[in-house]
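Listed below are the structures to be examined.
One chain, subunit A, links the two complexes that follow: it is found with subunit B in the first and with subunit C in the second.
Up next is the complex of A and B:
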């Protein structure tokens, strides 16, 4: 009560108005998505007028996430690309991170810059570049699933390198040197000392790659071929304006849950094994 | 000691991958832009720089010089990004400041989580949410109508008809850009404000600075790297955006440079000109990219030395 009175007496005092602004911002940034999720459970065809609660757009017999062929196909293709991308980008990125961290000398600076470039290149530039690459240099591969997976690996690779290298820096060289002093040959230093220490970063980066892949829109759209290579984000783009039913909200909700679970998993693995403050972990996994 | 070749060997697959699918891919854009097209308007790239045909590049430059459609689109893109950036800073700075300086303990964690959460929600879903809310009978449209904002926007000329928020309105595109990218601005701002040593501000206060001038002369200058990093991180994806105008406006008068490139390349009417515009966009953004890479490298070095 005293707080309220104090606030009324001096609403421009220390951080109060900042607190109000922050609260309003958070509501503004999250509530709309919450409402979109709410309408996934609408018992009617409208995405704007509430007609009661129902799960028909998830499990109903007609036009639901579980039974509509187009939604099903997009969902499966999205997850398939995600798994493919993790399987390729994670080992590739871990090896590149290890290599870049210890490789000193001519060439390492150039490779370092090349590795960071995909992080700052606008996606449309990468999309056009990869599109022309597959049309003009690898016409045999062509557009479609393979091209989409290659494109996603190309822009997720750098995230793996950045996360794993952050962990490498914090581990330092002492463990390796200790192993070497005790007579471990180089491959044992790598496989039995360094990799176990890197495990949380590797698992976290794999989860981040999965989340980036299933949420990607531009590169995946540029490299798609026909309806069978449509992903959920592409579906959202194509039907957001004209969607006939809340089934679109429903599949977006399913994807949201998958992404949140994946990234929470990454967050907790990284924090449990690698330590560090919440802020540092969040920054490390910033996607 | 592990041989120095082991590390190069480990880096090799990644280096080959990036060379092939990033560097060569980018060279393909250049070869197409300086190439020709066949009678079906399909691009014929010229791989050898000695063969380069500057015709299509000159066409675009000529169009820009004479104030043609590409100049209009580029200028519109700059205007949208500049306005969206200014609004984002006005919203983002107070939020980042509060989160970094005044949200402590359990609340601090919750506030931080809420600031990170939008990153974890698909961009298109966040747009879908607003498309539902701003459709003619959507909840936001009704709210804006009943509190008079709709009428205010109509009288200011920012909205052309009642309930027509998604009907070719530039103001809605800017709103959507702010909503879409302000989280990218807040996090780097938060990080830089969080790093400021509290004692600097205390010293300013001890020396007689008012809270306001303490902020203006100590906190604000010290948070400059965060403002710049956030602005770059927000500007890069905004400049390359084509889906936001497509989704919330869907009219040629909202076309940004990304829309133009998308129509020419992916939708396929004229890939050569599309490649030229892609290079033009990349050249414009190169300044921002180089700045950001240098800043991160400097930060990395400082962290390694600390």
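Up next is the complex of A and C:
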């Protein structure tokens, strides 16, 4: 017993019990995900009893991810919303970040703080608020894809602003001044110097927006209309109580892989080109 | 001569702070002009106003007869070498150097030729495809120079460009920069807090303190004939003596310091009443105890610091002041053992009466 405790305490090195606790935590948090992924490959209809390995829920002829129309539709709609959200939120967020960073007028502090509000607002509150907005104030727009996209852009915009502003602060004004000094007019200072230097942050924030969008449930659910606007998270939630098959695990696995790939891509792009990690991005990537 | 700059009543206020306080400086074209002063003296703000990065609160910046104070930086025919170089990290060396040529309507061939010329000028031929992260500090500095010089500006502004380099590299680049300036014949405006750098490189130096110019002149003038306590103190080591000035003979004045009187023949010898006088350590002669004559002061050696080529002897004179004398290590043995009694000779021709500092501030602690 004393030997084990001594080994854990490891007084002349890093205390090993920290590592043990960390490993236990990681195992605990990965275990359910691992089980869910495992049963995506079950050769049977059960999501709890292992009946052998198969990829039938991915590629099989009946009820698989690639052949079930409902799953197909949800998957396409999810990706479509993700791309749309990236296409709108990223340029808008970059423009906002540039404006907020360079604007030193009265009220800039208030606006800066307000930009962070969507990050701390409970999503259910935002979902309900947006629903009321579309039903009562802009009934003309109606619910559905447009409303979902606007809703997702609303809350993902803040992430873009936070990430890009973090990079802007670390870049400083010097490169813009150098460009101006060499004769570049303001729009060239932006296009030839600032945007290339911001590229890692822009790519990282686009990836974060995409990941947030395809994972989102609350806002997307509130603003959906009919079956054609069902996304994968919504489908998973709805059919979990019905007649679930491992096809749900399979599509969840596909989503997991897409999200992980997107975030790793963002992380590596940022690390490689921005040189070092940035607290804002690290925090955002962990969301 | 092109590249002449006149600063007229130039002032910059940041909220409550006056960074530059109605400065008047004339920088003749084609000269190496240095703005020298401690940090926070307004030298960098002055440079940034000439570059166009800061808008003056009031005053004029006249470049070759045209007031450019309200012209944005990209329309001014001046270029800057930044303290941290500010090389664009996403571009290679050649693209960095070619950056500004886009705005001079050059043909492709001309761009290539001028980039090659500029890189040759700073001895970086063959570095075209390197990224700035693959260059040493000295090489980055040369790229920054080439990037500015390739545009053939009338004035080159340099903001402590040697500050980030180690001492040895600094020395060799000082010489190179000066040679480059002489070769190109364009005006260099150089900002530094290093008095030695300012003295060795400049044709003309303006010593700044608290947003104002204390004194401007050739390096020799500001060193040998400082007009204020601040300038005397900031440029090199100097000994300051307080005394009461009265009339003397032949344009000199007599300084009364307690029991003792000294004759001072330099500086504002017309001043009367309480004044400060200075003498450089290298002008004080350490003599054997008991030597008599004009301007002789007895004292006790407190410390003797071996500097290699010289000894710095600290002598406490009668009356309490501590004077530093530089004794060359020329082989002759002089009394400089600690505690020894000596006599200091303060030649009248080396004793300078100072006008009070314009800002009336106490001089900062003596700089090495």
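One rule holds in what follows: the second predicted complex is superposed on the first by the 259 of 287 C-alpha atoms of A that agree within 3 Å, B and C clash if a C-alpha of one lies under 4 Å from a C-alpha of the other, contacts with A are read in each partner's own complex, and residues count from 1 in each chain.
Just so it is clear, a contact is a pair of C-beta atoms (placed from the backbone, for glycine too) under 8 Å apart; a residue touches a chain by one contact, two chains touch by 3 or more.
In this text the structure is predicted, and so the values were computed from the model without any measurement.
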Side-by-side fit of subunit B and subunit C on subunit A, or clash: fit
Subunit B versus subunit C as contact partner of A:192, first or second or both or neither: second
First, second, both or neither for A:241, with subunit B first and subunit C second: first
Geometry of the superposed three-chain model: angle at subunit A (Cα centres of subunit B and subunit C, steps of 10 degrees): 100
Subunit A residues touched - subunit C or subunit B, whichever exceeds: B
Partner chain in contact with A:180 - subunit B first, subunit C second, else both or neither: both
First, second, both or neither for A:141, with subunit B first and subunit C second: neither
Shortest CA-CA distance in Å separating subunit B from subunit C in the superposed model: 5
Residues of subunit A that lie at the interface with subunit B and also at the interface with subunit C: 180, 186
Of all residues in subunit A, those that touch subunit C in their complex: 174-175, 177-186, 188, 192-193, 196-197, 199
Contacting residues of subunit C [partner subunit A, same complex]: 51-53, 72-75, 78-80, 82, 84, 86, 88-90, 99-100, 102-104, 147-148, 151
Of subunit B, residues touching subunit A in the complex: 1-4, 6-15, 17-19, 21-26, 28-29, 31-32, 43, 45, 91, 94-95, 97-99, 101-103, 109, 111-133, 135, 137-140, 166, 179, 182-183, 187, 191, 194, 211, 236-237, 239-243, 246-247, 250, 258, 261-262, 265-266, 271, 274-275, 278, 281-282, 285, 288-289, 292-293, 296, 303-304
Residues of subunit A touching subunit B in the complex: 14-15, 18-19, 21-22, 25-26, 28-30, 32-33, 35-36, 39, 47-49, 92-93, 95-96, 98-105, 111, 113-118, 120-133, 135-137, 150-151, 153-154, 157, 161, 169, 176, 180, 186, 189-190, 211, 215, 217-218, 221-222, 233, 236-237, 240-241, 248-249, 252, 255-256, 259-260, 263, 278-279, 282-283, 286-287
